[in-house]
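Each of the next two complexes has chain A plus one more chain, namely chain B in the first and chain C in the second.
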Partner chain A sequence: MMTPKGMQIRRLDIDAEEPHTLGPGRARTSRPALTVVPSQVVSEMSPESDKPTGHAKPRRSTWRTPSALPGFGPTMGFTLLYLGILVLLPLAALIIKASGGTWAQFWATATAPRALAAYQLSFGAALIAAVVNLVFGVLVAWVLVRYEFPFKRLVDGLVDLPFALPTAVAGIALATLYSPKGWIGQFLDQFGIKAAYTETGVTLALIFIGLPFVVRTVQPVLQDIDPELEEAAASLGAKPWQTFVRVIGPAIMPAALTGFALAFARAVGEYGSVIFIAGNIPMKSEIAPLLIIIKLEQYDYRGAAVIGVVMLAASFLLLLGINLIQRWARTRQGEI
Partner chain B sequence: MTIEIRNIEKRFGKFAAVNDVSLKVERGELVALLGPSGSGKTTLLRVIAGLEFPDAGQVLFDGEDAGDRDVARRRVGFVFQHYALFRHMTVFENVAFGLRVMSRAKRPPENVIAEKVTSLLRLVQLEPMAARYPSQLSGGQRQRIALARALAIEPRVLLLDEPFGALDAKVRKELRRWLRGLHDEMGFTSLFVTHDQEEALELADRVVVMNQGKIEQIGTPQEVYDTPATPFVYEFLGNVNRVACTIVNGRVNLWGSDFAVEVAESGQREGFAYLRPHDIELGGEGARAHAQVRHVSSTGPIARVELAFDGLATPIEAELSRQRLEQLALRPGQQVPVLARSARIFAAGAGV
Partner chain C sequence: MKTKSILAALAIAAMAALPQAASAKDISLLNVSYDPTRELYKEINVAFAKQWKDKTGDTVTIQQSHGGSGKQARSVIDGLKADVVTLALAYDVDSLYDNGKLIPLEWQKRLPQNAAPYTSTIVFLVRKGNPWKIKDWDDLVKPGISVITPNPKTSGGARWNYLAAWAYALHKNNNDDAKAKDFVKKLFKNVPVLDTGARGSTTTFAQRGLGDVLIAWENEAYLSLAEFGADKFDVIVPTESILAEPTVSIVDKVVDSKGTRQVAEAYLNFLYTPEAQKIIAKNFYRPRDAAASSAATVKLPELTLFTIDEQFGGWRKAQKTHFDDGGTFDDIYKP
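Moving on, here comes the complex of A and B:
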């Protein structure tokens, strides 16, 4: 709908485009003779027929916003191709492979007791590891952002090590540390806690590889929080913990959730670092990715693909859920 | 509630942001801390709020030392330049924040909180916005919410840090008038920081002019504008012309008029005369000096004339009414009689 003001401007434009409506010698100054505009012209410009009469609107593709930056075609094309080859194609192949047999066969393989135990371990341990990483990742990010201490850059760099280390190396190191004879394992052993070759060991390995995600997603957000917010909370009488829970927490929650989701997704799929510390006892400490490898070694490609599809579906649903929570959080802050 | 600060000093490293400042704000007063950026005015406000702790000196509320109390226990309403609203909370929750974080013994029941928040929102004329988020409000509305939030804890003093700095000129003017009305109505003691002289002069009961961590002058808007204590205040408040002159036995002859220096010394020394543009009379009877008109600009009711004197490098600016300008019919290049109606003389070296 056009505002009355907009209409006024339109009418004056008509005047400018049709100089014959003005007397030849008249100066176009104060009131450019609104009265000489024929009445039908005015009615033409009424909101109902608000179509530009002169030149047609340039045609624009409906699924992109006009932008000054060029290159929509090539970049979008490349993105689709890239994602198609790298992500969609292998996943499609996986699903095709898995759907080789009947539905009953699929269901039987997917819900075999050994498979169920493996899912439970993989998702359960990944979830615990991601929760642990959520808490301690926020803590590490807090320390790195809020305090100055010697060798801060070094500590900051240490956070990324689990990314850089070959996962097998990490797995062997962890297994050595936590085995009953290892540096940490021997103390745990005294309390009757067995870390290596149990579910606990699996969780430990997953915590290790997931550490950087929460730290690296929360850190920049924490850095950007205006100190005035905390001062405002304090001036209103909030104690430090209240400020943290009510002001800082909600502000970093979306970023922390992103880190949580990344850490979780990584942990579900983790293989290298886990198999060395897991002990890999079927029904007890065997993770789903290992089950897939075992099926492959037995040339049961369809069976391996079925387990893969189940994990894919479960991961997708969980990530979708986290995304919805984030979306809800952002809407509440009015960012959308 | 009175605020008294005694010999406050605050350093950041080697830089003295506030240097031995003392000030007393009376009950119900609205005082402006005015100065250029880096003059220490915001630091002083933050020290009073308890957001910053002084290296030396005392802050007293109603004669009672507040030095060992942090901001959460001083019960000051602090309003930030950039509002500092909580983005993830609705307008209602923002205003309710101060009540919700009270200890269980003091926290009012939910219906009292709702009532109080609603009445505060009514006070800042934003009652219909209660369910919105800060990002859905305009700058002026956000600042009013920030004020309502600060008032919710029934502060003993209201401290405002450049409250209108981030707003556009029209909103700023409206909000200024509204704040003055609110202050008079509620009767609290308020202190606000600004670098805008017009804002300080229009809004405050008293103006504290600060420069380089020190107070240059304290006075009513009239006092600081009409009788600036230092050359800095002269230059900072309003337009002023500075003319080099020679002081002989405590007297100066400027364009044929005779002016006295306040603290007279015998002998001869260099000095500067400060004249407001409207203290220069053009085309009057009895003028003994002449200047050449360089430029005339006459938008609005006041016309400005740029004058060139022989032997003066910088032009002198004079102001006169539109009618007077039309009477005189000044044209660039013309010679015009000039008379200094009043001027203040400062000896060179006195902060000039």
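Moving on, here comes the complex of A and C:
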């Protein structure tokens, strides 16, 4: 899916928006990284994310900024072709397949009670997992950036493991841990908590696979915040929480939201790890991607495509919403 | 210089001629099968290759592909070049006719005994000593009993389980469909997790320690005993169950384009020979040839078995009534 390298580039993109707060000294370090390449990677991750910046601040005219590097034409052409073949073509096929029947049929399949229950679980669990990851991801990033401790490199590396692990392995491991006879599950069972094979299990798996996103987007931004800023805030009489909320918070907000959006998007579509820990009971613990597989098993290709289109549309709207909040956060930060 | 180029030309000619000479003798078949038959076909393939070599001198290599029965059928429909399919239920083979006309409608009449060279049935696997005293289907609907079975929407084995329970309830209640539905609904109330395939359910029961009873293929139940140790589980045979007939067919469109019809047909016919029937018995399936049962390591118990045709009017009808969207399985999960 995405590489840490991709996120590095994303981060530079965010940095470039920040010279207002952080003074001319900072702008110098991050400016040269803004080339055509990042926009390609960024748009692959969230297609609409780079557009608002272009239109939001016409005064900066990011659209065709004179660049020191040549080759805008060919790279832009390649970008469009690449995205067209890689992203748009399969999506078009999906939509064509889904539009095979009448509108009434589409609506009936899309809003069947079982489908609604599955969306609710998939989006609900993904949202909860992304929120948990937002809070604890920022915390982990903070610890990794601000403190020195033994084996820090190792801990840093651990964060990426959910990326590298095959999702089925993660799912089986989690199911083994949290099942009523598992290491953790047997203790939870004593308190009457059922983790595996319930909605809780689904959320746990989604928290696991979404962990790296927030950490890896926030970490580099935190790294670039000068500790002097915090000292300055303190010397001006700010209490620690005020420093965090008014100085650090706004600076890491756009990056944290990006991480949140990525973790959420990944979680909504996740199948491999969830399937082993979800009970897969219709109306209760059946995720939407499983419903798609079930429709395929019945040779109902159109029905599967319909659920796919609904999920796609819902994810797109949610990501768009998150991007709008992000834009608002950036503009607000610019005005402080 | 000249000799070198002559040598090169010779080498190229030899390389061009080599595969041709070999292809007259080397035949490769692909057998697309369902989940628990891995061990069975491994043995069958060796025996058939040997027999074919003795008869014709040709070497035949058979590749196997395993997975959920429905998923396997879909792969073949979507273009997997299977010479033969050996699937969990006739409905999945039917789908090869329904979606793409890969085989003729009357495929099941081409081989003896409904094109099912071996049968199996559905039994229970319980923890050693049978602590909950599970004896028959009735015991599965008791409150507090936790039952493990896969999802009938995705698993062929689970559909046999579901129909076996349904038919049992019919027989108990003077063929009252409403009562049968109620029975199955109660049974599924006791199911905490629906895995997507039969192997998944076996893992959940045997390795994760979930559930008091696993509804399983008979062959899978005995394989679990062999695999995990007979000191961990007991096989419980209910008073009656369904006669599961896993069916086989050649895929006409593929064998005709590959020119492998003759050997593919011979492969399926081989399954009915005494030699193959013995291998079948050894792998805990029920052979069609009663004499072959002597080769079995465990004696499979006698019980009343009913067929899908006499009880449900065939797979197409059963699929439509019970497992398609809006069928009884969807109903029992309606809030």
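Quick note on the criterion: the second predicted complex is superposed on the first by the 264 of 336 C-alpha atoms of A that agree within 3 Å, B and C clash if a C-alpha of one lies under 4 Å from a C-alpha of the other, contacts with A are read in each partner's own complex, and residues count from 1 in each chain.
Quick note on the criterion: contacts are C-beta pairs under 8 Å (C-beta built on N, C-alpha and C of every residue); 3 or more make two chains touch, one makes a residue touch a chain.
These numbers come from a predicted model, not from an experiment.
Novice: Is A:A251 touching anything from chain B or chain C once the two structures are fitted on A? First, second, both or neither.
Specialist: First partner only.
Novice: First (chain B), second (chain C), both or neither: which does A:L236 touch?
Specialist: It touches chain B, and chain C stays clear.
Novice: Go through the superposed model and pick first if A:Y299 touches only chain B, second if only chain C, both, or neither.
Specialist: second
Novice: Just chain B (first), just chain C (second), both, or neither: which does A:R114 touch?
Specialist: Once the two structures are laid over each other on A, A:R114 reaches chain C alone.
Novice: Could you look at A:A168 and tell me whether it touches chain B, chain C, both or neither (first, second, both, neither)?
Specialist: Neither partner.
Novice: Look at A:S179 in the shared chain and tell me whether it touches chain B only, chain C only, both, or neither; answer first, second, both or neither.
Specialist: Touch status of A:S179: second partner only.
Novice: Spell out the part of chain A that touches chain C in their complex, as residue ranges.
Specialist: These residues of chain A touch chain C: 113-114, 175-176, 179-182, 197, 275, 279-283, 290, 293-294, 296-300, 303.
Novice: Can you tell me which positions in chain C touch chain A when the two form their complex?
Specialist: So the residues of chain C touching chain A come out as 68, 70-71, 74, 77, 95, 98-99, 151, 153-154, 191-196, 207-210, 323-325, 330, 333-335.
Novice: Which residues of chain A touch chain B once you look at their complex with the stated criterion?
Specialist: 226, 228-229, 231-239, 242, 246-247, 250-251, 329, 332-335
Novice: Along chain B, where are the residues that touch chain A in the complex?
Specialist: So the residues of chain B touching chain A come out as 49-51, 70-73, 75-78, 80, 82, 84-89, 97-98, 100-102, 133-136, 146, 149-150, 152-153.
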